[in-house]
Each structure stands twice: as structure tokens, then as C-alpha cells.
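Chain nomenclature is as follows: A, B, C and D, assigned in order of appearance, with residue numbering initiated at 1 for each chain independently.
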Amino acid sequence: MKNTFGNSVSVTLFGESHGAQIGAVLDGLAPGIPVSEVYIAARLSRRRPSGAISTKRVEPDNFKIVSGVFNGFTTGTPLCILIPNENTKSGDYEATRALARPGHADYTAYCKYHGFEDYRGGGHFSGRLTAPLVAAGAVAMYALEQKGIRIGTHIARCAQIADRAFGDLERDLTFLQESQFAVLDPEAADKMRAAMKAAAEDGDSVGGVLETSVTGMPAGVGEPFFDSLESVLAHAMFSIPAVKGVEFGDGFALADGRGSQTNDSFAMQDDRIVTRTNHNGGINGGISNGMPILFRCAVKPTPSIYREQETVDFLQGRDRKILIKGRHDPAIVHRAVVVADCVTALVLCDMLTQRFGTDYLGPSRATSLEV
Amino acid sequence: MKNTFGNSVSVTLFGESHGAQIGAVLDGLAPGIPVSEVYIAARLSRRRPSGAISTKRVEPDNFKIVSGVFNGFTTGTPLCILIPNENTKSGDYEATRALARPGHADYTAYCKYHGFEDYRGGGHFSGRLTAPLVAAGAVAMYALEQKGIRIGTHIARCAQIADRAFGDLERDLTFLQESQFAVLDPEAADKMRAAMKAAAEDGDSVGGVLETSVTGMPAGVGEPFFDSLESVLAHAMFSIPAVKGVEFGDGFALADGRGSQTNDSFAMQDDRIVTRTNHNGGINGGISNGMPILFRCAVKPTPSIYREQETVDFLQGRDRKILIKGRHDPAIVHRAVVVADCVTALVLCDMLTQRFGTDYLGPSRATSLEV
Amino acid sequence: MKNTFGNSVSVTLFGESHGAQIGAVLDGLAPGIPVSEVYIAARLSRRRPSGAISTKRVEPDNFKIVSGVFNGFTTGTPLCILIPNENTKSGDYEATRALARPGHADYTAYCKYHGFEDYRGGGHFSGRLTAPLVAAGAVAMYALEQKGIRIGTHIARCAQIADRAFGDLERDLTFLQESQFAVLDPEAADKMRAAMKAAAEDGDSVGGVLETSVTGMPAGVGEPFFDSLESVLAHAMFSIPAVKGVEFGDGFALADGRGSQTNDSFAMQDDRIVTRTNHNGGINGGISNGMPILFRCAVKPTPSIYREQETVDFLQGRDRKILIKGRHDPAIVHRAVVVADCVTALVLCDMLTQRFGTDYLGPSRATSLEV
Amino acid sequence: MKNTFGNSVSVTLFGESHGAQIGAVLDGLAPGIPVSEVYIAARLSRRRPSGAISTKRVEPDNFKIVSGVFNGFTTGTPLCILIPNENTKSGDYEATRALARPGHADYTAYCKYHGFEDYRGGGHFSGRLTAPLVAAGAVAMYALEQKGIRIGTHIARCAQIADRAFGDLERDLTFLQESQFAVLDPEAADKMRAAMKAAAEDGDSVGGVLETSVTGMPAGVGEPFFDSLESVLAHAMFSIPAVKGVEFGDGFALADGRGSQTNDSFAMQDDRIVTRTNHNGGINGGISNGMPILFRCAVKPTPSIYREQETVDFLQGRDRKILIKGRHDPAIVHRAVVVADCVTALVLCDMLTQRFGTDYLGPSRATSLEV
């Protein structure tokens, strides 16, 4: 299966940047989970572009849940969320359809779909598709919160400017949930915004690194082969357009250390088993150990830049130059924060449901009988 | 599914470090692919420990193919490879079974399997399980070679010592195929070996970074969502024990650049469309673009070290100290090289078969009729 | 996965009988397949109730394709079809929500969804969900027709009245494609209609047997284990509400014969290998043999009848009587004909795409380059 | 995936009739389930041929569990069972390799595997492959018995001779578990045996109908789409060689009734909700309702008969005659009884684990902590 991900809880994605509607089907979530449209809207608004550091295409994201919710709760049957595309300017793309935009999927889409792909605005490859992913993921994230599992992502690095590391996680996650620009250190935030603006003024773009933390995750979730928690999370994160690297715990830095430095030793803490450090990001042998899950995703600079670039006309097979028009972001890393949160939530709902059964994320049975 | 991976071509893994036999079932490979036991043995021998920088447990890996091969060719039905465990010293592990070795899966295995897990030598979590993975992957790798698709991995970094970057890929891949210690720069190789030895003398261990390249990959393979080539490769690579990071092309370094630097511009070259640079590792929008696939995996230091470490007895729930005995590697990064190759081969066979059908990796029909 | 079916070509279903919209996502179909809304509408109209032998709830089925089609052809990315629910009378169901209608899923839905299920009109269990299944399947069926693969279903039996057997298949399939009441023998058709009417007048309902034939199917499609063509077709057919039996070729009658009668002997016919008889329904060892595929589905009588029935109130746990109101069919077997066709089409598109690759159902490459 | 079936609990099958070993990998079963080799051997012995009514190839089925069991309990990691092929006479098949045996998979195997298939004794298509399926299924069946879920199958019909219907289920299931010839009515059993012998004397073969019942199945298991309990059970049953029909409850007979006869009305019985009749075989809307599951499988006559048959040489493309040699059964329906039991057990373990989590089939947590 291609546009469907997950085993026990799955999400199916559809739509194109300039099509009539985009959407997602979320299936397998327990019955009885409250669905808050306000919460979903808040998540979508964090993905939405704003101001000088984002594309001028602003969509209201008037999502509509057309199935799977009844009287405010999930039914347990597929939940379909639709988002209309309202602010499309398709004319922008016609002239350059056979000019492969560097860093984009135009050429590979052509190799795969032989010219039948909807080439307007990136079609199905567009970052616009992350809107329904966020909407579906927001439902999952809300479900996890009812179970005390919290997810938060900050921009750990952007344009070579570093945010401070996660500290008091509960406080940081609370801060991030409210934040429109997910940077823990206000000074770093200002610098990042400035760097984004500077890139925009140069007709250029910047990338960044997202760092995600999950607290409250029960131990014992994940598989040794092949569905390690790292495997499944990475699989999902690499589906997010522009993600080119994923690392857990200290990740690539682990490779430079010695075992005596990178092993997380265990200790008893109030009758609970914990690790003294968390170099392994809460995962041993592919399975959660009860410590916070921690991972980072590398987001490449937005490939759409306002400079002339070398390329080819792939229909005529000759060298050409391209100057991209349209409305684009000088950076997407700040908009991808909530995508990382929501995709993480989808994966965790799936893994927890596999592990503990289809009722696990729902209300206790006692409650449900009274409904 | 847990220990089975792949859609059109799948591998199922079974066994424990100290069980009777370990093995893999490779299913869905085209009929008519020559199977070379010599080739498989050569790949297995590259995984096998040797000398001072590896564990003293040396297994002959007398693998046996018990199904799926007939008259030297794949039949198209499941191919099962068995490897007996011959050199096991199970007594080593009994005394410490409830002491969670830091960095290992003992505690998480207990959380998941409630004490029923085979705890001897890491059981099903053992790196030993990569032997059948290599054996199955070697069959896949040989199939790809018949189609002109070559895979090679070198140790790009180990103990903070860097190998040179890939250069002339065809030459480098040829060199790596023969090499027992997969480092391109002989001087770096010596330094890495020395660093491994030094770590061993300290009762410590080192990690490293593997870099894998694939040439000859056709364009148009992979999916926008959710089975991007990055997603599926990362999923598989993160199944390899000790891998904690995966990045494609320039990976995390992309996050620090600007779009004008990181975009790979297209050009015509002898009627073929190529990119002038390969910052994206041969993948745009989740789909191969015909350039070499390039990715790196971070391998953490071997968690087994010969020093006293803090830990807990998870059955009694109290703090303890542990001094690991048994036979272990001061580094596994050099042994993981061929694992990375073979796992890559499994993923590519799967993706190519999905894309082009179940006969694609087999002989041309004309040939097969004469058999 | 639950509401998603298929490997290489998959369909995801969502919606409830009285929800805002129902729909399906069809994913993995080759790019470049012409999509005819007229053809889809014609298939949907065959599913729609009409006259005295069907429910009085008539929906116009104003489907809308919101993604996956561009300039009249499939793009190769997910195709979402939406159908609004326009003619819902939800009030009918409120009073009896805890009274399990015999033969319906009310009680089992409660066991699974704990009272959170949308109980109006059967919710997600409603036969109404077959509308998007037909719409998606119609796209698949049209794709198969371009490849010379034709599917047709007739009512082989209804209310103990038998239709004649399939004869000249090409002619029969052509006849069935146009027919609103899919019975080959006009006399039998009249009797069946009369029996349906008689049952309706008694406040009762009847069932029937559907027989489906597929011509033009290439040999060599299907698997020995576990995805035999019978397995996958049966899996899909048993998803259709009210189907309680599936048999291939002579099916259960085979069990009463001897091998000398039931074996289909092979013969050469104009350089093609055929079988002289087709007791095995075109499938040997789970794999198509090039002869017409033939199978039958048993459809139970519509469980909604207008007579007082014994039941329980499952919330209060006591015996009750129920008299069903609402608008229902005295038979669904005639409406299920096109559902059987379309579900068959979905399965075959999936199996063919797995076998021959993702471009197989699309246009020849030469054609596509000119688009 | 092809030779792997199941989501949460899966089985992977490998081997050929005349290969070195055949086997199965059972994955996902809860840790802590007792594994009884005696129980497995007993199930295998019921599948083994015996006397005049079975093939003269008798295999001892010296199975060996090489992974996944530790100290007599499942570990929760993959359990691999191997069975050596000891009594193979491969010479029998060489001369006729291109002569398609009617009713067998020789020709379709050739269409799919292009001549690379192992043609000796049916290769991977052989009924011999049901031995590891039974061995793996026996582990699953034993696990279900610990939970009070019992499965039994009898030969409901053979050579047009009918067994009596199921009566007192618990007694009948107990009787069947011990029985070597699974017929409830001893007189019918004698007649069936006689009919099998008569067919053997004629060089012919007979088929039959298996009827399976499951008691103790909790309500609420299964899906409306597409993984209805009927769908998944039928998928699995149609993988068993020679099965050509599957029906649930009254099955095809339902099609001839009226709703007022076929609806199962509900009633309270000692605070439990039951149905007064069980025409629907314990399944409503694809989900178990707590009543016994009931279904029947049509098994066609063994295609190997000792009579001259018309066929083709598929390599030379011309008409030929064939007289099958080798060692074969005049009937397999009695040997398929335990296969039906065991495949049912595999499906139910999978569905229950999906529904209630990976610990469900294991011991209670309290018990497991003491291990």
C-alpha cells in the first residue's frame, strides 16, 4: 500500500495541491475518543503560513469531518477529514510544466507517472498534503493526551542558529503547544526569523532541524525486527516532504563516542526503573524503555527559490533555465513542527493499539457503557 | 507483521543467539535468478568477526538453503536459509539474567515479553540475527547485480576518524566488494583499526558511520506517501541493531545550507537526464531520479563493554552493578558494512518488484523458456 | 488495516449511512487510465434501488471525484470519490437504538464499539457503503476493459428460482452490462421479480446467489499460499454485506464428484492451452489458468423485515420485541450484482498490478509520452 | 506478501514436496504460552496418511522447533518449526514434467514461474506443505484452548454420504479431538471409508465437505470492512489446497430462505445475550456475536487419479495423454480435517491479538512475573 500507513491505526492520504479537495482517512482509532474541532483547528493554524517568512498562499483550512465521529466521539470506524483547496492559482504552473524544478519531484513524478501527474503546484507531492496529515494527526494527538502521552517539537537548528536543548520537558512541551514559532530560546527565535527573512530577501531559502520529544510513553512498545520504534517512526517522518535525515537520542553523535559514554545506565527512582542519561532516546533494541522518546529530523531548505537555476525540459530532452514563480516559503521548518508532532502521534497510536488492543486509547469500559 | 518486512519481496527472520538454528525466509523474488552459495558465503564471511577487533565467538556460518532453489536458480517460491548456532556458551548469561545491561535490550525485552524471552546472549535481539539477514540479502544483492545495480558500503567514520568520500563510484564499489575492512583510504583504515584495538584494551567500544551507495538504480521507483524510498530504506536500516541515525544525500548538513546550494540542478548528459550535484542522494520527492542513491547510518558503540556499570535488577527492583562477561566486539561498525549492503539489496528488490512486476529481476522470458 | 484492502492497488472505504458523506480512496492504479464519469454513474445506477422490489430511500448518488484524476485520466496518485448522503431520515432509528435487529450488526457493533457506534441506519455497516465501493470499482472495471478483461454477474438463483447457466460468455457479459435486472433468462427474471414482490407483500425478504464470470484474464496470476486467487477474491466478496458463501467453479458440487469427473483436462486450441471443461473456475493451485474465472456468492435475505421479531435490549439486558420501521429492500441480490462486479474488478486490478507492475493497466509507454 | 499471512499473529510457509526441509514461522504469538510437542505431534499424526485410503508415502513428520520456545513456553519472538522430507522418490516425476496433470497446478506454476518451479511432487503447491501449517496451527490451537476457545472439524459429507449435524458441541468437539477419522456418526464413517476404498480401487478419488465449529469465541471480534471474520477465515481456508468453496452458518442454503426464517433472533440466557438459532454461524456484520462460529469448506476430489487423462505438453505445445504414477490419496478430505482446525486457530489467534493486544493469549501478568 502506498498512501496508507499504519497497521492497527492507519491513515490514508489523498489530494493534490490544486485539486478540489485534499483529505485523510484515519482508521482503527478506538471508539469513544473525544474529537475537538477547536484542537484540530489550532494544530492546523500552526501549520499555516504567516507573514514574511511564509508563502503568500494562505488557506483557511476549513476542514470538515464527514465520517467516523458521532456525538463528538470517535465511533471506531474510519474518520474522514476533508479540506477544500480554495486559494489556487493554477495558471502559474502551466508554462513550465516540463521544466524540472531542481530539488522538487517534477522529474521523478514524470518518471513514475509518465506525464499523467497533476503538475500544478507539485500535485500530490505538495507540502499542502501535510494539512490533512496534521488534521488526522491532531485527532491522534488528542487521544494520546487523554492517556498522559505528550508530544512536542521545537526547531533545534535553523540557518545554523541553534535553539537551546530540551530542559524541563513538561514545561517545554507546554510552552511549545502554545507557541506559533516553536523555539525554546526567544533570542534564538529572533535570529532564526531574521535569517529566514534574509534568505527571502535573497530569493533564497533555509532549512533546519526539528527535535521531537514524547513523554509518558509506556515501556515495552516496539519490535526487535523489523518494526522497531525507530524504524516505524523514521518511516513516517521520511514521508514528510523535505525530511532527509532522522536520528534518535544522540543519533549521529553516538557514532563518535565510546560505549562507556553512550550507554545509558539504569537506576531505580521511586520504584520505577529509569536511565540516568538518555543517549538512546528512550528506545533500546527497538522497544520503548519508559524514558522520553527523543529524535531529530533534518529538513532541507525549501527547494523553491527565486533565482534562475539550470535544469532540463524533460519532454524535449534539452538543457534549459528556470525561474520559479508562484507563492513559496523561504523556509518550511517552522511549519513542519506541527507536522512532526502529528505524524508522531499517528505512529504512536498505531504502535500502542497493536500492543494493547483496539480499546486501549478509548475510555475505560465502565465509562463507555453509560454513553 | 513483525519479523517480516517487504511487500512484493519480503524477508522473515527467526532465531535466537543461543537457539538451535537461526534463519530467514526470502519470498517473492523472481524465478530464474541464479543463486551462488559461494557469493553468499563470501558475504557472510565479511560479517564474521576476525582478530583482535572482534568478538572471540567465531561461527562458521554453515548456512543451508532448504527451499526455494532448484537446479541452482530461484524457483520464485519461498527460499529458506538456515544457519546452525554451533559455538554457544549459554552458561555465561544465567547469573546476570535480571541485570539489565546498559545500552542493551534486556530490560525492554522484559517489559515486552514478561520474562519469557530467551535472555541468553541477547536472544532474538542479538546481532547474530544479522547473519541470516546477510544470507538472504546476498541472494537479493546477486539478483540486482545481474541487472547492473550495484551496492557498496564503507565506514565513513569511526572513532572520529574519517574515511575519504566516495569518488569514482564504480571503482570504489569494486574495491569495497573485495575488502575485508571496508575503508577506502588505507591510512584511515589503519587508524580505525588502531582505535578499535585501543578501545578493546580499555575494555571499551567505539561506533561509526556507514555510507552506502547504489549505482544503476532506475528512475521512478518510490512513492510520495508513505513509502518514499527514504522511508522504506530507513525503516529497514533502523532494524539493524545499533543503528540510531539515517540520512540521505547530504542529510543533516542540508539543514544548514541554503536552497541555492542544496538544490541539484538538472542537465542533459548523452541523452540522459542527470543532476550536476547529488545533495539529495538520488531521491526527489521520495522517488529515485536515476543518480546514485546515497545514505549514511550512524552505528552506536557496542553496548557490551568490560567495565563495571550501574544498573538495576529488574526482577527485584533494586540498584546493582554489572560487569559483563561473554565474548563481544569492541566495534561492530566494520561487521555491519555487509549488513547495510544486504538490507539495502532486500529493500531495492522489493521496490523494483512492486514497480515493474514479479518477473523483473528474473531472466528475460526468452531465456527462461529454454530452461 | 481494516477499511483498506489490496496490496498494489488498494481501496479505503469510509462513511456511515446517515453521515454527511461516504466515499472511497482508490490508490495504486496505473497513471493514464481514462476515467469516465458516465461509466461510473451507469454502474451506480445499477446499484440504486428502483420500484416495488427495493427500498424507498432513493439517493441520486451525485458522486464527485476530488483527487487522482487530471484531464480525464488517472494520475497514479490516490483517487478519492465522495458521495453525499442526501435523503436521510435519522429520526426513524433513535427509539430502537438498543434493540438489536435480528440478522443485523447492531449487537456486534455494540460489542466492538461499546455504544459509540453511529447506530442510525446501520452506520458504517450499512449496505449504503457499497455505493462508494461500486464507484471505485467502476474505475477499476473500466481499466480492465481497456485490457480486454471483462466481468459480469447474474442472479443465478433467487427465491429458489434458477436462472439459466452462463452460455456464450461474451454475449452474456454484453447482455448483463446493459441489464438493470441481471438475469439471463427473461422468464426466470419475471419469476424472480414476482417472488421479490410477494416477499415484500408478506413483509418478508428473499436472498439469492450471484454468479460472476471474468473473461480475458491472463494465466499465471495468484499465489499458492496464502494469496491464492480464490483467497483474495473470497476475502473481498465476504466484505460485501449479506454474503455468507463463496464457491469457485463447481464449488460445493465438486465435493460430491469423483476426480475423473471434476478434473479439467487440458488441450491445445489454436496454439493456446485451454481446458476442455471448467469445473475449477479458471483457477488451479490458486493461480489463473487463462480460462474464464467463475465463482458464486450466496446472499442472505435482507435482514430487515416488517414483522415483529424477538430480540433483546442490549443496554438493559432484557428480552424485547422489535418491529422494524425505516425504508428497506425485500431483496438486495439484484442490487448486489454490480457490487460483485466492481469488487471483483478491484481485486483483479490489484493482483495484475502486483504481478506485472504498476504500469501494466496504463497505456503503452509510447502513447503516454505524447500526452 | 505471499507466503505470509496474518497481521498481529502471522505464519510464513516455505518448502517443497521433495526439498530438504519444509517449515513454518509463527510470529506474534504472546509470550508465555505453553508449547506441547506431544500436542503438536498428535495433530500432525491426524494429518498423516494411513492405510488403504491414503497415499503410500508416509512421513514420520519429525518436526523440530528451532526458535521461539524457551523452557517450554513461547518467547513472543518468531517460532520456527522445521520438518525434514525423508521419504521422497523424486525419480517418479522427471519423465512427465511438461505434462500438465489435470486439476493440478503444473501448468499454472509454469505460467507463473516460467519453468524454474520445482516440479517434483507438486513442489511448493504440494499438500505436503500443510504439515508445517498444521504444526504451527497446533501451537495456536493449544493457546486458544488455554483461553477456553475450542475448535473442531468433522467430515460433513464425503462421496455423497452425509455425517449427522453437530449436536452437543462440547461433546462433539471432544469426540473429534480424539478421532482419527473425524465423522460423528459411526455408520456414516464406515460408509465414507468404504466409498474412499471403492474410489481407490477404481483408480479414482472422492471429495467432501468439512464443517468446522468454534466455541468460546468472545463477541466483538472482526471488522465491517474488509476484514470481516468471514473474509479472513475464508482467505485462509481457500489457501488450503483443494478447497473450492467456503460458507458460513447456513451458507448457500440461506440464499433459498426468507428473512423471517434466516434471521437469528436474540434472547437473554442467564444474563448473556444469545441467539435462538445460528443460521449466521456466529457472525453478524463481519463480527463475532458470541455464538459458536460455524463454517463449511468444499474439498474437491484429489486430482491425482490412476487413469489415463487427456492433457498437453506445455513446453512443446501439443496434445498428449498422461497416466500419473507416484503415491497419492484417493481422498484427502479426512486428512484436511486437522488442517482446517489448525488454519482456523491461526486466524483466530491473529484476530484476537489484534483486538485485545499482544498479551491477550498469554498468561495473566501476575503469573508471568513469577517465571
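Note that a residue touches a chain if its C-beta (ideal position, glycine included) is under 8 Å from a C-beta of that chain, and two chains touch if they have at least 3 such contacts.
Please read all numbers here as calculations on a predicted model, not as lab measurements.
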Taking each chain's centre as the mean of its C-alpha atoms, give the chain farthest from chain A. D
Pair with more cross-chain C-beta pairs in contact, given A-B and B-D: A-B
For the pair chain B and chain D, the C-alpha centroid-to-centroid distance in angstrom is 37
Can you compute the centre-to-centre distance for chain A and chain B, using the mean CA position of each chain? Integer Å is fine. 27
Multi-partner residues of chain B (at least 2 other chains): 1-4, 7, 13, 77, 112, 124, 224, 359
Show me the residue ranges of chain A that touch chain C in the complex, using the header's touch definition. 1-4, 6-7, 10, 12-16, 19-23, 25, 27-28, 31-32, 64, 66-68, 70, 73-80, 82, 112-118, 123-124, 315, 359, 362, 365, 368-369, 371
Contact residues on chain A for chain B in the complex? 1-5, 7, 13, 100, 102-105, 107-109, 111-112, 124-125, 129, 157-160, 199, 202, 204-209, 219-228, 230-232, 234-236, 238-239, 241, 243-252, 254-268, 271, 273, 275-276, 280-281, 283-290, 296, 298-305, 307, 309-312, 314, 317-319, 333
Touching chain A in the complex: which residues of chain D? 7-8, 77, 224, 354-360
